[in-house]
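The following blocks contain the structures, represented as structure tokens.
Paired with chain B in one complex and with chain C in the other, chain A is shared by the two complexes that follow.
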Partner chain A sequence: MWGIYMSKITCECGHVNPEGTVLCEACGKPFEANQHLNNNKPEQLLNMRYDGSARRSQTYQRTFIDKTWNFFSSVKIGVSIIIVIVVASALGTIFPQEMYLPPGSDPSTHYKDQYGILGQIYYQLGFHNLYSSWWYLLLLAMLGISIVIASIDRFVPLYKTLKKQKPKRHPNFMKKQRIFGETDSGNIDYKKLKANLKSKRYNLYEEDGNILAEKNRFSRWGPYVNHIGLIIVLLGAMLRFVPAMYMDEFLWVREGETKQIVGTDGIYYMKNKDFILETYDMEDEGNSQFRESLQKQSAPVPENYQTNAVIYKRTDLPVVPGKEPELKKVKEAEARVNHPIPLENGISLYQASYQLNEFSSMTFKLHDKGDEDSNYGEFTVDLIEPKDEYKLDNGTVVRLERYFPEFELDDGEPKQVSKFPRNPAFIFEVDAPGEETEVSFAGIGVNIDASGNNDYKLGLTNFETRDVTGLTVKKDYTLPIIAVGAAIFMIGVIQGMYWNHRRIWIQPKGAGVWVAGHTNKNWFALKKDIDRTLEGTGIAFPVDQQEEKDAEERRKDDGIISD
Partner chain B sequence: MELSAISSNLLYASFFIYLIATFIFGATVKMTNEKTNRKLGNVGIGLTVVGFLTQIGYFITRWIAAGHAPVSNLFEFMTFFGMMLVFGFIVLFLIYRITLLGLFALPVALLVIAYASMFPTEISPLVPSLKSHWLYIHVTTAALGQAILAISFAAGLIYLIRQVNQEKATKRTRWLEFVLFALMSALGYIVVASGFGAADYKTVFEAPVNEQMTEITYEMPAIAGPNGGELVTEGAFGPLFETPGWMQGVNAPVKFNTIIWSFLAGLVIYGLLRLILRKRIAKSIQPLLKSASPRLVDEVSYRSVAIGFPVFTLGAIIFASIWAQEAWDRFWGWDPKEVWALITWLFYAAFLHLRLTRGWEGERSAWLAVIGFAIIMFNLLAVNLIISGLHSYA
Partner chain C sequence: MSEKTVKKKKKRLIFRSTLLVIMLSLVVFAVASAFQEDGVSVEEGEKAPNFALKKFGTDETVELEDYRGKGVMINFWATYCEPCKDEMPYMEELYPKYKKKGVEILAINLDTTDIVVEQFMREYQLTFPILQDKDGQVMNLYNIGPIPSTLFIGPDGKIEETVIGPLTLSKLEGHLQDITPSS
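Up next is the complex of A and B:
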């Protein structure tokens, strides 16, 4: 099928074998010239791997393509790639990957600060993003290629050989099987033998009185089936790089707020009705079994994170930018950890994060600097949509000069830390009718008179808070592909591991009979099968030639084999 | 009696039944009469099954008491892992009837269960991410897979002790001794930890953690103190030296100290044994294993991998991914526990390829089984205790 220089091998049984065949496909005769391909030695038992079929990698070794093919089809290379991946993967767990650093940390300094010089080296080698590095992906790709080529190189010839095998085997094939026995007596109950084999669910093939009993050939395809599964998983994982297949967005929604769900083309909206954080209550009778454990904890143990959401769909389609959307309620749903909210088109909302007690509004009152009981009017600042100015009843105008949602004092100067209202502060200008404009800085626990000679003061009288929920918006169309790949892998691995391909050859010889047996694994069970099927048939039990050799070596070595 | 108390008593009972079964399997070693040997083997496996059922009783009562599957922290997981080890042994014994396997598999299970009880044993509530049916689907299958793979270690160890030439000291005899020493260190840890635990030993230090003075409590005498730490408990022993600064976290010095203690205790046990036996441990055990057929033991070792690998894949990779997709919105996230599950999986995949296509049987295969078990133990203990990540629940 591959080469230009096909030189076929014609066996004495008449079967024509492809170039590179080690054991005749039909009768199993070892071809002298090709025994080195399977490392067969005259004094040893036959190496039965791939049934001595002609593999491309063993046969053609000339051109560049041959050499590439041979490189990737080698199991030695495949296993070496696996070992390199194992070592690389382990390296990536020495220090945390960048994605697992505490939020807001700078990787260029974090590794050095936390782990010293080793951390610095780790960072500079790029090990902080090891699993998405080009060389790690290259290793995975090489493993994928190796799986494909090694499978084709073995599956095709093995399939052909097992299809072409004949019940009548060459004597040299029979004698060099691990399980082999000769019976001289002619008193053999073939009928019973066949019945026994059938009752053990062997398929029988006959040719001139020669019998091949075979079962579970399908288990030989297990490795190739599971490799197909692996390739599908790898391809599925690759498809995540296609934007249409995969989406990972994040959404913060405050209680009471309705927000467009990112990644849905402006069609879906959600309202956060309530964010709930429950912790285990030690006093609760229902938690009595946890009391001992809870008492040991320094902090409360969370029981539930939940967002009560309302999902809306926009009805005025197509979407016109800037136009106020018309929303229709789709459903009310709860997002809890382990229980995402599914939307249409495979998009789901996952409960991922939260922020408790964010400020939503603050109320100030204007009073005399020296007298807290005086009151010239109050105003409330909405922290999400603050106004530019607030008019008080007595005509005073308070202008909001600057707003810091979360501030920090840095050398006496206010500094913006984040855009989330966690610790808000304001610079106000107070313009009372007929008086000079005054500037003051107000926040929680701070109230600074900028000039030092203000008459008025703005005092915080009230504030309101609410929780914020953090949800991931996720779409992953590769999931079904990966699931199919994983399922195929499992089928293949079970097919190959939990069943064994067993063959028993029975050959009338002179007055007696020869018996040989082979399995790709689990010799113990094959021997049990043979013992049971031969019982009462007049055929002597064959021996395990390998075990006999071992025993002999052991005798020589006083019980201990040394190599 | 309260259900949780019944549960712990059942666990104790199963532990002692396993212990007795181990001695019975041990007695078969000296039996030359095949018939008594077989009878004794039957008693051994019978007792093992009784112990297993007792432990199932522990598992069910604890499940009822807790209201969730008892596989949610290190104590519960390791106990379950030990139970699955026994289950795997029972299955393989029924196939191959090798009494020697009991002598090696049961002690490993005993070590694992005893080790488990060194961690906090109270019933703990589930944090939100653990509240899922996948908790018991994923964790139990993963544990079963790992346990069957661990049986391959027990068989591999028999093979190595049986087969490695002990006439003179070589690299292989030294490594084999090292494996035995590692098992004794686990035993040593259990002895030392229970000893100081019973004496209620405590030493308190104050040390800077993340630039904040934090109280650190040692439950064993401090050989290695915290970096820059100050002894608070008066008249307490130590420390002899400080834990290196690059070991981060509040618990790093305590863990480091514990490792030193296990190592020392292991050395003491190993040293005493060497003194008594006056030769390498493996060499002393070797003659007892003469009756075992190396090829059969090798096959048991391989068969365990063949049976365990698909179970491990299903539990520790596939079910794990399904749950991760549900709980953390991604099926794979390169969390250290996930990475080490992948490493375990790749390693056993390599094991199978080497065996099936490159003829790595016998001794080489046995060494691989030992390394595989080391990887499983690393993922079970080191990843939870040293490398923290999403899975560090204990």
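Up next is the complex of A and C:
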């Protein structure tokens, strides 16, 4: 008889099992004292999960380390963590994240102003910066730990159990398998049986005439391989915090401007020579296949976004931030969507965004207030570096008294709101020879005569614009790691999905024989395997005890309904 | 318990502890890195990183390191920033007094158009040095978010105080006193 000795379980078959074993590793005998661990009830089929191996977490609660370990080993905890992550991730998409707010907006007021009290709560709870918040990272980390520990805690005992299993199984194990059949007597052709099993590519193990036929045990490792892949992906994602591995910066460069490329330690500069936005030309023969869909669009469809850039490298080293650089041209290159400009050390410039038609210059004409056709001369104001004064041909001097690159009227007072010439306005003083100085305020759609009795007026006759390109400065050495992790993940999925672990036990009983079968999935295929291998061997086909039970319950239910 | 069991349990404890420590350190690393990205990289008590900027309206380049031994107030501002306008007169008022005591005010302007700054300086009659950071390089270096932002750097080159938002006259004077070198 078996008994508990030093917390180990010695089975009647002689095998010594670790504490917490549900089914003897060798013969599969159910240990009464531990059946609750797998929720096994008498009179019911055996729960075969992890083959009844001793999951340590179920029995051990000693040190703090063990308690922590067992906490993370729980699948319930793992699933709870996943649910919390899913809910939190979903909540983070209700309102935009902080980094997607319009530039210059203050998140402490923006959420309340835009979305009311819900926005305020959202901000207060920190959902505006969810995906990089410490608690979100902590949740991901806990999931990672849970995956590692739960996998180790299940893989190791399962591996050992499957390794130690013996062909000779305990009668209780046999009888409580879902697939089970008894043949009392007859001419049993074991030779043919073995040949049949072999032809189905089963591995045969024999002990005193008892046979274990097994195939595809490796498919049981699928989930663990899959988890290794997941862990590698998580590690790869974590490496994104290491600046040497990953960088993601953004750069706006106006046409004609030369700017330092962020993230290159001040070494690289680029000049935006030209930003090009091309749209599909419907008349072009080359686009004839798109004509129909293009006609359905109300606006032109962009075909290409491109920045023609000049890349420079700094020669005055070491770099002192802010100092005027000495630059050496490295190359001219084009950045198009999916065709970045490579720099050094894995850094590339990706075409990511743009702004069209920012004003770059405005041309004014001085004319009589009442007569638009009169012309005393024209002058062009460069909106980036305007001059103090402009001399007209007739000797008139126009002084630029105040310049507002982007102006707004605030209580009737012009106010400057940014440094970019998005809505330029000017206060001009017009000094015509021998006449009194006149002051006028000019902008887009505004032309105010300050005193109300000016003789002249400055009319906007022309303007020029330039585009702004938005480039992502990116370096990502974590991608190969993530790709490897994803590949291992897929291998694990395939391994566990396309193969099934099948076992058939054959046990001679007197003149007859017992047959039992188990698989982790695809019972139909297992039954087919058994049917084929038993054909012509004199062994009766076993039954699916689960199906019989289900059918019986259905019959009972039907009875109740018909009552 | 048999000796074998004790040994096994000890081995298991060591394995579990090691793995937990490794994973915990990875978590600490990730969370700490995430924090660093958000926070200001230039902290109070640390050495103020050096920069060189052109003094507005001149060809003269001013380097922060040249002021070692003096107290330096760095003020980030722009003409389109309303609260900056409020504190400019206070800075102008206190500048001559503290310059004598060995404190320099460096007002780093973030505009891109010279004439706008010129007009502003004329309007407010500013006499302390205005430095130009058109590209925003120094602003990025100091991780400046909203303006005005002001840093007070002691004679030892370390950042004594960072103030985000406008200063009142008395607060400004208090901070200037803090960075005045003892003579």
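Throughout what follows, the second predicted complex is superposed on the first by the 358 of 563 C-alpha atoms of A that agree within 3 Å, B and C clash if a C-alpha of one lies under 4 Å from a C-alpha of the other, contacts with A are read in each partner's own complex, and residues count from 1 in each chain.
One rule holds for everything that comes next: a contact is a pair of C-beta atoms (placed from the backbone, for glycine too) under 8 Å apart; a residue touches a chain by one contact, two chains touch by 3 or more.
All values derive from a computational prediction rather than experimental measurement.
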- request: Classify the contacts of A:75 with the two partner chains as first (chain B alone), second (chain C alone), both, or neither.
  value: first
### Query
Touch check for A:524: first (chain B), second (chain C), both, or neither?
first
Comparing chain B and chain C in the superposed model, the one touching more of chain A is B
Figure out whether A:315 sits in contact with chain B (first) or chain C (second), or with both, or with neither.
-> neither
Request  = Please indicate which partner A:418 is in contact with in the superposed arrangement: first for chain B, second for chain C, both, or neither.
outcome  = second
Both partners, chain B and chain C, contact chain A at residues none
Counting only contacts in the complex, chain B reaches chain A at residues 4, 65-67, 95-96, 120, 122-125, 127-129, 131-132, 134, 162-163, 165-167, 245-246, 248, 286, 290, 293-296, 299, 302-303, 306-307, 309-310, 313-314, 318, 321, 325-331, 333-336, 339-340, 342-343, 346-347, 349-350, 353-354, 356-358, 363, 383, 387, 389
In the complex, the residues of chain C that touch chain A are 1-2, 5, 12-13, 16-17, 19-20, 23, 26-27, 29-31, 33-35, 37-38, 49-54, 61, 63, 78-80, 82, 110-116, 119, 131, 133, 135, 137-138, 140-141, 146
Note: in the complex, chain A contacts chain B through residues 49, 75-76, 78-79, 82-83, 85-86, 89-90, 92-94, 96-97, 99-100, 114-116, 118, 131, 248, 280, 287, 289-290, 292-294, 296, 301-305, 336-340, 348, 350, 352, 472, 474, 476, 479, 482, 486, 489-490, 493-494, 497-498, 520-524, 546-547, 550, 559-563
In the complex, chain A touches chain C at residues 6-8, 56, 63, 65-66, 68-69, 106, 129, 132-134, 137-138, 141, 144-145, 148-149, 152, 235, 238, 241-242, 259-260, 262, 266, 320-324, 383-388, 400-406, 415-421
